[in-house]
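Chain lettering (A, B, C and D) follows the sequence in which the chains are written, and residue indices restart at 1 in each chain.
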Amino acid sequence: MLLDHTVKGVYPIAPTPFDGGGHIDFTSIDAMTDFYKQIGSTGMTVLGVMGEAPKLDGAEALDVAKRFIARATGMPVIVGVSAPGFAAMSSLAKASMDAGAAGVMIAPPNTLRTDDQIAGYYRQAVEAIGSDIPWVIQDYPLNFSVVMTPGVIRRIVTENPSCVMLKHEDWPGLEKISTLRTWEAEGSMRPISILCGNGGLFLDFETERGASGAMTGYAFPDMLVDVVRLSAEGQRDSAHDLFDAHLPLLRYEQQPGLGLAVRKYVMARRGIIASDAQRAPRARLTSAAKAEIDFLLARLARRDDRATTPRLVQVAVD
Amino acid sequence: MLLDHTVKGVYPIAPTPFDGGGHIDFTSIDAMTDFYKQIGSTGMTVLGVMGEAPKLDGAEALDVAKRFIARATGMPVIVGVSAPGFAAMSSLAKASMDAGAAGVMIAPPNTLRTDDQIAGYYRQAVEAIGSDIPWVIQDYPLNFSVVMTPGVIRRIVTENPSCVMLKHEDWPGLEKISTLRTWEAEGSMRPISILCGNGGLFLDFETERGASGAMTGYAFPDMLVDVVRLSAEGQRDSAHDLFDAHLPLLRYEQQPGLGLAVRKYVMARRGIIASDAQRAPRARLTSAAKAEIDFLLARLARRDDRATTPRLVQVAVD
Amino acid sequence: MLLDHTVKGVYPIAPTPFDGGGHIDFTSIDAMTDFYKQIGSTGMTVLGVMGEAPKLDGAEALDVAKRFIARATGMPVIVGVSAPGFAAMSSLAKASMDAGAAGVMIAPPNTLRTDDQIAGYYRQAVEAIGSDIPWVIQDYPLNFSVVMTPGVIRRIVTENPSCVMLKHEDWPGLEKISTLRTWEAEGSMRPISILCGNGGLFLDFETERGASGAMTGYAFPDMLVDVVRLSAEGQRDSAHDLFDAHLPLLRYEQQPGLGLAVRKYVMARRGIIASDAQRAPRARLTSAAKAEIDFLLARLARRDDRATTPRLVQVAVD
Amino acid sequence: MLLDHTVKGVYPIAPTPFDGGGHIDFTSIDAMTDFYKQIGSTGMTVLGVMGEAPKLDGAEALDVAKRFIARATGMPVIVGVSAPGFAAMSSLAKASMDAGAAGVMIAPPNTLRTDDQIAGYYRQAVEAIGSDIPWVIQDYPLNFSVVMTPGVIRRIVTENPSCVMLKHEDWPGLEKISTLRTWEAEGSMRPISILCGNGGLFLDFETERGASGAMTGYAFPDMLVDVVRLSAEGQRDSAHDLFDAHLPLLRYEQQPGLGLAVRKYVMARRGIIASDAQRAPRARLTSAAKAEIDFLLARLARRDDRATTPRLVQVAVD
């Protein structure tokens, strides 16, 4: 079950759950994995930026990946293997694939500037992990300060046959999706899957521009699943209605540095993970922030009553 | 009529209107100024980043500022005087004040890093323009890459008595507002006005945290005025309802690089300016993007029917 | 007398001299221009970064350029026209050419990242100033944070026939020179002049790699002239001996932020300008730093006794 | 034998030697360690940036550190433990100390901007590794883009009693040394050791300003040892004469990105390591670059004939 370019749907970015002492909470890994399957996720992605991957040491990272994979039983898992060097990247990539991962995701180091540097980095990464592992480009300039034009993405895809997916989180990024899909239609670029991140802030239009779905960690991934489905079914207004109902909270979660605290707080309130604990360095929610989130959840409960997202209503009104 | 720390309400960031040939459209300056007055703005800010100030040469910048000031007749005008050097900043600041400006706004150059560099820069700027001109700190790390802690803002405020306002557009920034207001309450910082920018993306909560209002350029400043008023009156849910109705479009406008094109397009559709032309370098809207904005406007018209914003409905349904 | 791609030799980067009150010292402009001619400079460049150009307002910048040009009488003058926007760039470029400049120099804004952004910026700049003005690319990543590969330089040269010169100050940059010269030899790139900056720190090898000469502001431009000449004559060891004698001081001058203070201090000691005053923001030399420079000058005087640089010895021993 | 603030002399930054296949060359680790002891180094630092630490995976890093420490037998070894997260940092720090390291070195992640962020990061790092491990601040803004004022360094030193040393490689940085030493003399800062990096480019004056010595990796660390000693003995001109003789090569080695290739090439020529191989990503020397280095070595051999550095002459003339 290897990742390929035909992937559609939603791959939630899974946070790594910790207990109050900073230890990995493996029980919550299981619960969260079950939840992702139950809501109709196509797959899941672990050890991403929002999975606090850099805060794990090498052995912990592999333990986390293995636990997610073991529990997913049939649902494909992508493992983030971004690392400061190729030796660590290669070790984690190979061990993850051995454990049953569907593919890996690679973010560029934030020191890359030119097109040649970016394309060269990915060529070297593929040399390091081997050309038989399917992998995902992570294009997230707001976080990494690395700007990839559509042209450089096409170049990476062309030079590396094992690249099958783009995690698209440029901002703004709608025209990038359109350009890539136009190139595919013209035959000047091999088709890839495009899953969108950036907290889902533009998911309503990204699907309409040709994105294959979402790969992000908003605390209501069930909404992401429904929006992608509604959009694919051509139910445009329903998709936007649902999306708009969540936008105030989604926007609140999409705060750099603070977003993961918001996400874990809501996920813990929803019962998906046991605790909202993060390892240092971390941002903490003040009581004012928690009250704002609670207020947004209460408002959300009044607007979202669809049977397809029962947990949401249940939580929001409790 | 000089700017002081008691300012409340909304100062729209005025774009600079051009015609299709790239010439300044002074007639639209008048029309836009009239519109801002009519909707209940407290004042207005011209020659900001979104006013395409860097695209004007020195003589043009002063002409634009003077035209806005002349038309505002009694409504205070803040003039952006950010410049690569103090000579140009000082020239524009003094000429603007002579023409009747209420104060000036100063953004930090994007090369500043340390607290000392930031505080030192503002000290030198005040030496250059003179200590008798009231001025505004622009704190916009996403755009300028300059990160100001609450502590460095307090230091700037304390060291420079002529600093009377913060244009707050940090992201996330809610805790910054709370911290500054706490310091004022404790007496450890002189009171200042805090007007929020960042496209208004968090205005609903910023007012609740203690912001004095908004200074941003969203294409429906009439909404900003109403949200600030409703929030001040304690009508919390009404404020959020109105804000949430606009959030899909507001979020769409808040795209780095592309935002001004969206804003001018909507303002032109609303009849506030004659053309959405920008000077180079500029991002252009594709037909797909225009269709998305039209779709958002149509959806907005269905949700916002309040008598206090007649132009919005009128435009959105045309 | 327009700039073209055949230029060789040395174009000193002229500082802008001020008096103690921050006023432009036009008398020193004349003296400095005479000095540059007398030592055998091929031309000169004014209003560069080290010319404190951003600290002048628009009218001052043009006055400075005109004074240099008027005094140069026959020696070509390049005017730096880098500006935050194209309106100001175009005004200064056209007025400078009208006053007799040989060409202009354009630095990229420090926000550019991708190859497309860089090439696009220069296309727009040429549209703004007109395609009839010969101009120089300034490639200085350490200062501007804009990284230009050889490929993007070739693209700029190819797309813009009026581009005739590269001010090369990448670091490291020797391979860049070799690559560009190889491309010219192969016929895949139109020939350009390459003058090297970066304080001259690698001038000894840059000339050997194919550079046409130097464009930098080291306080002993007479040494630069001699090194370029000796290298062109094939006197390799003599060129290196002279260069090495200056390297301790040249290295000391090549301190970011502080370098201009060192340069002006030495130039004032040599009698080339009347004062080492800078406009704010500026770094000031401590007494310890001045003592270090004096020590380096004294050591230099013991190693450089060549008749071709009499001013140097005269000053260094005083 | 724990590191403390009284350290003086030279701690060479040891490269990590590889063979042509990219495997760690443990034999060269031994040979290099012996060489460092033989030339009079006070200690050595391993797994720094120039030690290609990020290219090792966790297990390899510890193996390298242990081998250096085992061979050093009595010469103190500092281990670079910079990591993307505290878990990996803590693991390596504790294991290295268990293996006999004298202390550890911590570089700031390149995303830090404000004084509070920098000080906060180091507090958290000390919490992670434990307050009983002596450690070194690495202050290298050119490479890390993190700017530390003297004030923030004092704050870190004051807040963390286990911080005993500054690896100073700011540029320019002479005034920073003077400021810190003045504060120590005034009693407003606890004394620390200051060893200078930045390739040694300003070592001649850094020692005179109060630096305790050098911690850098120039291919002739024997020269660094002698310059520090001569300077300490008050033989100012001799120190500068020796330094100046090396400056052309030292400057050539101090090329960002390319420097390590130069260093390893010369060290291999000197017989200190078996191969100049690097792991990817790496810059390679062209034949032109190698010829330039050979030329510089030949010139150096003519100027440096002192008996205290026999290997240098032996190598340079071979």
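Here, a contact is a pair of C-beta atoms (placed from the backbone, for glycine too) under 8 Å apart; a residue touches a chain by one contact, two chains touch by 3 or more.
Since the model is a prediction, treat every value here as computed from it, not as a measurement.
Colleague: Moving step by step between touching chains, how few steps can get you from chain A to chain C?
Modeller: Counted as steps through touching chains, the separation is 1.
Colleague: Please give the intersection of the contact partners of chain C with those of chain D.
Modeller: A, B
Colleague: Taking shared residue numbers divided by all residue numbers at the interface, is the value for chain B and chain C over half (same) or under half (different)?
Modeller: Chain B and chain C contact each other through largely matching residue numbers.
Colleague: Which chain has its C-alpha centroid at the greatest distance from the C-alpha centroid of chain D?
Modeller: B
Colleague: Between chain B and chain D, tell me the centre distance in angstrom, where each centre is the average of that chain's C-alpha atoms.
Modeller: About 48 Å separates the centre of chain B from that of chain D.
Colleague: Between chain A and chain D, what distance separates the C-alpha centroids? Give it in angstrom.
Modeller: 39
Colleague: Once you find the CA centre of chain A and the CA centre of chain B, what distance in Å lies between them?
Modeller: The answer is 33 Å.
Colleague: Would you pick out the residues of chain D that each touch at least 2 other chains?
Modeller: none
Colleague: Can you name the residues of chain B that touch chain A in the complex?
Modeller: Against chain A, the touching part of chain B is residues 171-172, 174-175, 178, 201-202, 204-205, 208-209, 237, 240, 243-244, 247-248, 251-252, 255-258, 286, 288-289, 292, 299.
Colleague: For a test of understanding, state which residues of chain B touch chain C in their complex under the given definition.
Modeller: 52, 54-60, 83-88, 90-91, 110-111, 120-121, 124, 127-128, 279-281
Colleague: Using the touch rule from the top, collect the residues of chain D that touch chain B in their complex.
Modeller: Interface residues on chain D, with respect to chain B: 113-117, 147-149, 151-152.
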